[in-house]
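Each of the next two complexes has chain A plus one other chain: chain B in the first, chain C in the second.
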Partner chain A sequence: MNARIWHIASNTFREAVRDRVLYNLIGFALLMSGAAILVGQVSIGIERLVVVNLGLTAVSLFGVVIAILVGIGLVSKEIDRRTLYTVLSRPVRRWEFIVGKFFGLAGTLVVNTFFMALGVFASLLYVSHHFQRSDGWLLVALYFIVLQFLIITALALLFSAFSTPVESAVLAFALFVVGSFAEDLRGFAAMAHGATKWLAIGAAYLVPNLSALNVISSVGHEQPVAAQLVIANTAYALLYAGMVLCGAVLIFEHRNLK
Partner chain B sequence: MAAIEILGLAKTYKAGFWRSTQKCALKSLHLNVADGEIFGFLGPNGAGKTTTLKLLVGLVFPTGGSARILGRDIDDPWVKAQIGFLPEQPYFYDYLTARELLEYYAELSGVEAKSRSGKVERVLHRVGLGDAGGLQLRKFSKGMLQRVGIAQAILHEPKVLFFDEPMSGLDPLGRREVRDLMEQLKHEGKTVFFSTHILSDAETLCDRVAVIHQGELRGVGAVADLTSSVEGKVEVVWQGNTVPAWIKALDAECHLAGDTVRAVLAEHHQEAVIDGLRRERTKIVSVTPVRTSLEEYYLGKLKPSEAAAGVRS
Partner chain C sequence: MKPSLQVTRIASILLVLCIMVSSLVLRRVDRIRTGATLEEVLYITSPKVLKRLSLGYDGLLADVYWTRAVQYFGNKHYQGAQKYSLLAPLLDIATALDPHLVVAYEFGANFLAPKPPNGAGMPDRAIQLAEFGIRNNPNAWQLDYDLGFIYYMELKDYPKAAAAFAQGSKIPGAHPWLKLLAALMAEHAGDLETARLMWTTTYQTTNDRNVRANAAVHLRALQVDEDVTKLEKLVTQFREKAGHLPASFADLQAAGMIRGTPVDPLGHTYKLMPDGRVEVRVPDDLPFIQEGTPPGYRPPRPKFLPTD
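Right after this comes the complex of A and B.
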């Protein structure tokens, strides 16, 4: 990695780690895992399923909230506070700044997910008293959650490059919600007719297909995840995040920092 | 070779909901700044000073013209390594300490790892923050942040420095220290281009100044030339509480303040007035030629109604 991108990413990571909101969210996520244990105790026979569903959903939701809340401020906050002026007046190219910010937040989310995942596994051990072979699929589900974070982070950065933090938050969250039902949208497109069909198909393929990256329910039921799905989802998420990031760079390259 | 060559640089913003209104921030600016010069860019608030600086450091893009720094186009990445920029009222990452911030900027500027810490410590001491390097920036006062701003601008030893209102937020001692620092930078061979509307600072520091107003260059010249033009008048000050009738008859502008009289009169009456006052055994305090001040030059370049709002001396 280019040295300047690495320095910008490290600084973004340091900023996020020193931000107290982030610590609160981690604490809150751990609290959710604690709640999972409580629910597991009153759900006779399906403790493991409840803990996996609740724990992984909490990891996903808290990570998305962090990705959106931190991501929307990555560029706009730096412009508002004019911290960007002393960075871009140096030998730093604008694309390096965007890519560095992306990697910084992605790194933060990976570390954050790691600690939340520890909480989920600890909860699972607490209710099951031992790990079983199928628990390994949880790692795949967590990997897919991280892929979701990459897409959401790239989207938040894109919106942050041209709009206010509030607008960026609304747009990113809306896309997260719509993306979570992308498969349903594709199903609707298949059933629709005429112009509605084409509009629905366009929308279904434009929004991120986050539902394909959600295997929480299947790993909760101890079902394995196919290797082809892992490869396809990895390629899709990297391609989608990469294209969105290119869009953010294109916009930011031409932006006047008034 | 000129350190900074501005060749018809212009900036127009699109405004309004449909972006159909054109707002001209800078009209075809032509300006040269010599190597090793301290150049003051004067103008009231909203004149186009900050826009010019942002164009030169690549934060906004010109809609016309071009500029060269040290002989190369401002788009050239090499140029960015040769410049230092202090924005107006700088704000930094407040979760970092001053030392961490400067190390980060040193990394981005390509300062070698082995010399990085030494440079950071030296520059912290140079701006008077030697003891505050470990403090988080959120605990810094406005004046301390201004010092950090200057530190980050000079950290990588650039050849050309752009300061946007460098005295802003500083107390009189801080202003004096920044003036001294800018003079030191000049002695080190750096070119300093700074914007201000504090005319006394410009008059003390600058080799040359330019006046900009409403995005248009109104005048440019050496401070020594602008402030040394004798207007053919002298100011005579003496102790007393009345103005003799024979002095009034010379068409002198007379002002009484306490037990002192100040009269501004034509230079050719000087000897006659001094002789007359001596005859009357009046104590003469001073006789000085009237010179054009930078403020008068500045105000002359602006419309009178608009000048008052933006001037502090």
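Right after this comes the complex of A and C.
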């Protein structure tokens, strides 16, 4: 990573921290401790499972919300505050600005996920009194969640490069929802005929496939995750985020900022 | 600008007052709308629709529905309800959202199968649930055990119970008594000893304190049924020999038919009634007993969590 990208990324991270983005960790801590203590009293036999399901779901949803809400303002806020012109008047290329912003927000989300993961494991220790070998699969689920954040962050940044924050939020959230149904979309494409079939196939491959990145339920039941899936998901998420980032760079390069 | 101390004080007092009064008003609203709680409402009944709406976070939603099923059953059971109309749909949703939620099949089938007020009186739905669980969790021998248990206890269908136990016994890691239970079903299905073995297996194989407590209660009930039957048989033998009923257990003791005054599993002495019947001293403490209760006895509301 070149120095300019690194500076933009570290500034984005510092700005997110200054904007109290990490305050969500307090809410998360309350949620996890409440769940760990209360669920045993209101349900039967799912104390550990709830900690895993609730913990990982919260990590994922908190992160997606942060990725969208922060990501949509990454470019537009800089234009509104006119700080973008100062940055671009220095020897910083537009693509470096976009990539730096991406890494800055991705880094914020990784740090956020790290602390949330600590919370999940602490709650797990509280309800189970010990760790077991299969708890290691939770790390894989958390890794997949981070991959999911890369995709969502890239999408939020893409929309931020050409539209208003509200439009960007709507578009990014809509793609998150559609991405969760990506497998259904491919199933629909398989059943369709003619032009509809090709349109559906195109749409199915264009939207992010987020369902493959969700293994929360299976790791909750201590089921292992295949190494091939880890490799394939990593490749897919990096390629998809890279593709979206290229789109964002292309749009931003040609955008008239005057 | 400095914050006004007066405004801060008034706003703080008003805030606390509003919280307190709104809570009181809400309690009043709850009293007016008795029975209008979420308990009897299932807004979305289709597991498929719910799975879609969960956006992939179906595991957490399954936990929510399973907890709701537990709460629903617990409340109804405590009230001594005769109808559990939402129990089966709640369990269907929980298990469709997470087909590997073994605990929902294990407990759910045992919530559905027994006759009210101990359960929903839906053994057929319990069997459907257990079979769905077995299809999705072929290595969980406990589900085959539960299926056999329902056939044995609720439907008295011993061949099907034997088949379920035999199927479960083939799964690696299955409790060795499953084979024995399968064999017993074929020969001595209706015996008290078989029932005792069933509950003993449950007691020994479960990790859940509620299931263990429930098995202990049933084992105590079986012990009472056996004791009372034996004692009443001895009373009959005494009358045939002596020409009159014994006045107390001391008469049976003097005749060499028993050693000491017999006690129930909780340590209370049995009562010998003037008509020769034998009764337990505190029937409310011994749920599920078939023998030894006073004439016209009605058991109290069941406790959801019996103490072990």
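In this section, the second predicted complex is superposed on the first by the 244 of 258 C-alpha atoms of A that agree within 3 Å, B and C clash if a C-alpha of one lies under 4 Å from a C-alpha of the other, contacts with A are read in each partner's own complex, and residues count from 1 in each chain.
Just so we're on the same page, a residue touches a chain if its C-beta (ideal position, glycine included) is under 8 Å from a C-beta of that chain, and two chains touch if they have at least 3 such contacts.
Nothing here was measured: the structure is a model prediction, and the numbers come from that model.
Trainee: Following the overlay on chain A, give me a clash-or-fit verdict for chain B and chain C.
Mentor: fit
Trainee: Which of the two partners, first being chain B and second being chain C, lies in contact with A:220: first, second, both, or neither?
Mentor: A:220: touches chain C, not chain B.
Trainee: In the overlay, answer first, second, both or neither for which of chain B and chain C A:2 touches.
Mentor: Neither partner.
Trainee: In the superposed arrangement, does A:164 touch chain B (first), chain C (second), both or neither?
Mentor: A:164 sits against neither chain B nor chain C.
Trainee: Going by the contact rule set out at the top, does A:92 touch chain B (first), chain C (second), both, or neither?
Mentor: first
Trainee: Quick one: is A:15 in contact with chain B, with chain C, with both, or with neither? Answer first, second, both or neither.
Mentor: first
Trainee: Looking at the overlay, what does A:81 touch: chain B (first), chain C (second), both, or neither?
Mentor: A:81: touches chain B, not chain C.
Trainee: Draw lines from the C-alpha centre of chain A to the C-alpha centres of chain B and chain C: what angle do they form, to the nearest 10°?
Mentor: Reported to the nearest 10, the angle reads 150 degrees.
Trainee: Could you say whether A:53 touches chain B, chain C, both of them, or neither, answering first, second, both or neither?
Mentor: Only chain C is touched by A:53; chain B is not.
Trainee: Rounded to the nearest Å, state the minimum C-alpha distance from chain B to chain C in the superposed three-chain model.
Mentor: 14
Trainee: Where on chain C does chain A make contact in their complex?
Mentor: 52, 55-60, 62-63, 66-67, 70-71, 98, 100-101, 103, 106-107, 208, 210
Trainee: Given the complex with chain C, which residues does chain A contribute to the contact?
Mentor: Touch list, chain A to chain C: 39, 42-46, 49-50, 52-54, 57, 60-61, 177, 180-181, 184, 210-211, 214, 216-218, 220-221, 223.
Trainee: Where on chain A does chain B make contact in their complex?
Mentor: Residues 3-4, 7-8, 11, 14-15, 18-19, 81-83, 85-93, 254, 256-258.
Trainee: Report the residues of chain B in contact with chain A in the complex, numbered from low to high.
Mentor: 13, 54, 57-61, 77-78, 80-81, 83-85, 87, 89-93, 95-96, 104-105, 107-110, 149, 152-153, 156, 162
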